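One structure below.
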Amino acid sequence: MPKPLHILNGPNLNLLGQREPEIYGKASLADVEALCRKACTEFGYELVFKQSNIEGELVDMIQEAGREACALLINPAAYTHTSVALHDALKTLDIASLEIHISQPAKREAFRHISYVAQAVDGTISGFGINSYLLGIKAAINILQKS
Amino acid sequence: MPKPLHILNGPNLNLLGQREPEIYGKASLADVEALCRKACTEFGYELVFKQSNIEGELVDMIQEAGREACALLINPAAYTHTSVALHDALKTLDIASLEIHISQPAKREAFRHISYVAQAVDGTISGFGINSYLLGIKAAINILQKS
Amino acid sequence: MPKPLHILNGPNLNLLGQREPEIYGKASLADVEALCRKACTEFGYELVFKQSNIEGELVDMIQEAGREACALLINPAAYTHTSVALHDALKTLDIASLEIHISQPAKREAFRHISYVAQAVDGTISGFGINSYLLGIKAAINILQKS
Amino acid sequence: MPKPLHILNGPNLNLLGQREPEIYGKASLADVEALCRKACTEFGYELVFKQSNIEGELVDMIQEAGREACALLINPAAYTHTSVALHDALKTLDIASLEIHISQPAKREAFRHISYVAQAVDGTISGFGINSYLLGIKAAINILQKS
Amino acid sequence: MPKPLHILNGPNLNLLGQREPEIYGKASLADVEALCRKACTEFGYELVFKQSNIEGELVDMIQEAGREACALLINPAAYTHTSVALHDALKTLDIASLEIHISQPAKREAFRHISYVAQAVDGTISGFGINSYLLGIKAAINILQKS
Amino acid sequence: MPKPLHILNGPNLNLLGQREPEIYGKASLADVEALCRKACTEFGYELVFKQSNIEGELVDMIQEAGREACALLINPAAYTHTSVALHDALKTLDIASLEIHISQPAKREAFRHISYVAQAVDGTISGFGINSYLLGIKAAINILQKS
Amino acid sequence: MPKPLHILNGPNLNLLGQREPEIYGKASLADVEALCRKACTEFGYELVFKQSNIEGELVDMIQEAGREACALLINPAAYTHTSVALHDALKTLDIASLEIHISQPAKREAFRHISYVAQAVDGTISGFGINSYLLGIKAAINILQKS
Amino acid sequence: MPKPLHILNGPNLNLLGQREPEIYGKASLADVEALCRKACTEFGYELVFKQSNIEGELVDMIQEAGREACALLINPAAYTHTSVALHDALKTLDIASLEIHISQPAKREAFRHISYVAQAVDGTISGFGINSYLLGIKAAINILQKS
Amino acid sequence: MPKPLHILNGPNLNLLGQREPEIYGKASLADVEALCRKACTEFGYELVFKQSNIEGELVDMIQEAGREACALLINPAAYTHTSVALHDALKTLDIASLEIHISQPAKREAFRHISYVAQAVDGTISGFGINSYLLGIKAAINILQKS
Amino acid sequence: MPKPLHILNGPNLNLLGQREPEIYGKASLADVEALCRKACTEFGYELVFKQSNIEGELVDMIQEAGREACALLINPAAYTHTSVALHDALKTLDIASLEIHISQPAKREAFRHISYVAQAVDGTISGFGINSYLLGIKAAINILQKS
Amino acid sequence: MPKPLHILNGPNLNLLGQREPEIYGKASLADVEALCRKACTEFGYELVFKQSNIEGELVDMIQEAGREACALLINPAAYTHTSVALHDALKTLDIASLEIHISQPAKREAFRHISYVAQAVDGTISGFGINSYLLGIKAAINILQKS
Amino acid sequence: MPKPLHILNGPNLNLLGQREPEIYGKASLADVEALCRKACTEFGYELVFKQSNIEGELVDMIQEAGREACALLINPAAYTHTSVALHDALKTLDIASLEIHISQPAKREAFRHISYVAQAVDGTISGFGINSYLLGIKAAINILQKS
């Protein structure tokens, strides 16, 4: 049986659905998890789905994914723009890694235009609301099937 | 019958498969078009697929998409980083618009880290090779089905 | 009989009246042309009025104005901020040249605060809606009458 | 009877005609005032025409224009590039406000390429010598007649 | 009897209540003065309350406060961001000096993110509407009572 | 009974009184807490007072305040200048939020002149030693009493 | 028989000899072509000599040179400083490519100090008037003879 | 009899001797004036010696010097670094003009490293305490005697 | 008996030996610890050796070292370049503190050229592989023996 | 008989052929000198060929060329990017001066993209290996023959 | 007998009188030396007057002045803007040190607006032609007589 | 017998012990040399120890080390921050090279935060006073013993 897919969520995403819904939509993180699990199941993969507000815990989770996952999706939220630690952790991976964003950061404040994470992952999907997660799963599966 | 999906390709993409294959892969643009057409057909949409090396012709094509397409995908290639004209044309659209990239620009030269296009479209998909096109089609269909 | 006045319009201005009307107003480019022609006729001048989305065609048109026009007005739109080619073409002129803008770029995104065109023309008029064109015609006539 | 038009002139413009005539021309500020008064009279408006070298007095004059003028023209001269106070005063106005320049600042030193005033007025006219004033009056009248 | 407290107000604050009330609120500067006077009286201090649109007059007033006041509050408004002269005047003081702002400049345009005044005063209070004045008075009294 | 006021303290503030006393004073964080509790009690509010050295725990605490507090004061210390995560957490709040600093960061190293937190809170108080806390409590109470 | 040498000329070079002769000299582009053809003939090479004002047509011409030329010289004129599209097209070439300039851009405006083209070609020759072309031909022949 | 020499003093120099004496020394401005008057008398020149805290009044005084002085010395103090208006006024002069500073601004805060005034005067003398004035007088006399 | 030496390791160093071995070498963190312990023993010191991926835990550990260690070595890894919190924690120490790096950050990406930590410690050792640790221990012992 | 041509070589060029041969090739500086001498002889010119690692000696040599040479070629190597002294020395010349580079600096580190020398010479040739010298000699001869 | 005054001259000043005389005047360095010697003699001081094109020799000369001179004047010419080594050497001095310039660097290219030397000397005199030297001698004597 | 170790010292280090002893300590360069010689002898290596104030002589010495040394230590002092020539010379070496600093440049002026040398050597040791030399010798020996 294949290793599971890991999806990590960064700071404040536990508030999804309550926080600035005009930017992030109304679905909760539990809703997103359910959708992702359904999608993974259809592709024949298990899902590990986590969230943390702590940069260093996300580093731990990325390292864990390096040992236990077939591929990694990460929505790094605010740490996208400030974390060299996430960048370094992602650089240690041998598996496929993807960055996803619900909103389109390029349309927001200037400090959201730089991504340390984008420089360390295979690809980026942003701006599609929670569908960014499902597209990310599809993208990861494609990479797994090719290799 | 629904309006077709339009996919536009910017400068030097006519050389796809020959140009720096370690970055862009070995598939030709005709191969990409065939894959995209197959995907669109499965979703019940026609496809209009174009390429130009001329910034202003891409502006024309974006305007045409505004009149005739249900949604627009654009791989703006080099114009991503220098064209306010594409930005302005995309801002005139009422339909969904997406930016796609075969490579991950954030991993390349500093002048590829800025995107005027990302500031004017709904979402961005980058780094998945020619699969970025198929993910983009899927993303566009999702938006169409939601509205 | 005097040489005609030339008015050139840059990218996306063919959509005038449809595109972001809260910024650019509701008049179409044909409406603007009609108003300008009427104003020129009153001053005893013919009018040549053109639009292109292609930077290099605008360079051609500026060069043509250098041979055939008594004065040149240009609304360079998006190329205002990115085109050294327009700058160089305008620098070749012996006739009066003016930059006009419907909106006030200084009030918009930071990348619209720099104008390569302003550094190569005699004067600039911006922010008066389509009346910027009529003020520009008046300004050009004044220069012609003085010389 | 309509409220008068106000025209304000910033630092060193009292020396007009004497100061760097190759840039600013030979007409004195009194000459400019006479020309402006004649133009206003033709349009059926009175003119209030003032000059100050003091930034804060120009703030006073802008506030006064807000109470007593139908429209405001300002040639902020050196304060164009350094005065947030003028910017803020202009932002308080409900009447039309215009920025005028005799020279074309974009062709001069880099520190003249930024305008705090342009970000707070309706429109800008620059580069036409003292004719910038007459074009500004015409632009202001147009706005008054439209509203 | 103790020396009075001085409160100085910079450019355009004489328009308080009329100017951009969504940012600055509806109270007039006279209202603010009355509230401040009441608060000072309760603490047993007289109040000197002034406003000027002229940078150099504010320099004079700061110097005067240095001779006659027990403490100084200044709302430097637009000069916050451009005045080294106010900075230098504040640096000459031996008494407590405070910067107050009605709005939160850090939430506004980038040119309001730098404060020459903050680098020369003891403390800053911003963002509380006219209550910033009352908090400032309280802060000043605290400093006076400690020393 | 009203919800309590929450006061959060960022990294190294647990060392207050020992660390660089010429900048931060001699009172310990327990002293500050006692003073704040006394002040809250006088206003009829309970106080929740916390400290953490971990950015993500401060995010948790801000979210908790969003659910359980009537208002939030935060002294973000070093995270003031580097944390988009705190910025985002503060943006999710419906209650009043304030930034407080013991020292005046504008007088210190250049990297302390930028505040991500100031861009996300209602107001800022800095430079008054531990009295910044008491002024902040007063400011928060004022906001609560107005609404 | 060897493949021909291609020489491409960018925007406004069709005006050579008329445009700013104090910078660019008095020879026309036809004169330059004749000189280049004579030099190529002496070396035993045919010459293809083209000019376009359109960035995208220059991209086409570079791609064509990639298929049909033994070596490429390009005087990119204004596009030197703004075109990532030319940079990308030049990067696709397997043949020798050279950048030539009639003037010395480093002695002119700051926006002419950056060259996207220089980062993508084998070598650069600038500042020798039309002799830059002949030196470029010689340089290209040298490369061809070495390989 | 020759025209007098004018010496102008900018903001806060009226406090000389009291303000930051470790930087500016203990002599008052009246002391400086007496020393300067004595020096001028020895050279056979009258002295006009003025001070203002108001930027625009300094503009007036510079213009007056243009009409009535044989040469101008200015210690622009804080306006050195922020005033384009002083720069423009100095540019209008036909007489010799000099910038003097008591302290050495290059050794102080970064915002004192730029001088708009230095770009508009004949020469600069800084760092010699009040002796900068006497050296400036000597420098001005030298220029007068040469011409 | 003397207090122990503390050595702290930042994010991702728990993966040492597995992560990018061409940069960081093949020794594991346990190997490094063993070598360091041996070296300390030879010098007569105990060793406390810790690692955390969490910025705030490293702050805690630095504070603990301030109470319990004779000297501190820190390899801050990714937090080197982003953490003002570590900077502030190190500034609170009375004991010797050193920054060590296995790689030479100056030879890597531009965002690794700035170190907040270097500005707060006594000295820096970088680029010697795991030998940087042993040199750091030697450097710390030297400081201890001198004082 | 004509004055000789001077060719100057900057720091580390004495190691040519040994130093980073993948960038600079395998020919030694003596080889280059021999080739240059042969080329000069063919054109009927003597050659003076020098190298120094010392910036000031290169200044001396440029001054000497001003007295004794018919034209100057300089490969300033590392001083290209840092030496205002070379720039100033080259500005004193009445003879033709050229900058040559073996490599293409625009393709290397960012600090090699600025050239103080290019701003002071007539022309630049870079990127052709040691053939840059021979092209430079040819360019110099052309200038001499024209004048 | 007092120690002599030392005057040092940087690169290219040996060409004084020949080099760009419209900027630097027609007097030779020997003329300047003679004038300075005469002035020193009148004040009762010997003069040591040197020039070097080599940065490190100027460092030597500054160190020598530290041992043997009563005061130091330096015209660092091009090294003004690039030499931290001169800055450091000047920082070692216990004697008075002055920077002199013949021209006014603030009126020239942007790279001449920064002075590492001005940050390390007591005062600066610029823009007075060779009279800058005599004013510098006078300034030095004043300092010597005060101490 | 092994090749000797070379230690090079940059500008002003000949003054060690006299120059700013609060930064650099009281030991003279001869003291440092003696300590280093003793350490090398203990490790069985000869020492070559040199100093120069001249950038180009340091280039010579680095090249000489490349031929004659087993390893190189350099304290580049002021040239650390300005010398591309040293960078290039160090890049030519096949032997181990180290950068050492007595002080911690990261704690000093901003212009000391950039090191061209750090980008070209194997490792850096800074901030340990003259012990930086001994640690550097130890580091070099370690590298020699490993290879």
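Just so it is clear, A, B, C, D, E, F, G, H, I, J, K and L label the chains in written order, and each chain counts residues from 1 on its own.
As a working rule, contacts are C-beta pairs under 8 Å (C-beta built on N, C-alpha and C of every residue); 3 or more make two chains touch, one makes a residue touch a chain.
Everything numeric here is computed off the predicted structure, so don't read it as measured data.
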item	value
Same or different contact residues where chain F meets its copy chain E, judged by the half mark	same
Of I-L and E-H, whichever chain pair has more C-beta contact pairs	I-L
Mean-CA-position distance for chain G and chain B (Å)	31
Distance between chain centroids, defined by C-alpha means - chain F, chain K (Å)	54
Averaged-CA centre spacing for the pair chain E and chain C, given as whole angstrom	48
Residue list for chain H, restricted to those that touch at least two other chains	54-57, 82
Interchain contacts (touch definition) - all pairs	A-B, A-F, A-I, B-C, B-G, C-D, C-G, D-E, D-H, E-F, E-H, F-I, G-J, H-K, I-L, J-K, J-L, K-L
Chain D residues touching chain C - in the complex, by the definition given at the top	104, 106-107, 113-115, 118-119, 121-128, 131-132, 134-135, 138-139, 142-143
Residue ranges of chain F touching chain A (in the complex, touch as defined)	54-57, 59-60, 63, 82-85, 87-89, 91-92, 116
Complex contact set, residues of chain J against chain L	10-12, 14-15, 18-20, 52-57, 77-79, 81-82, 111-112
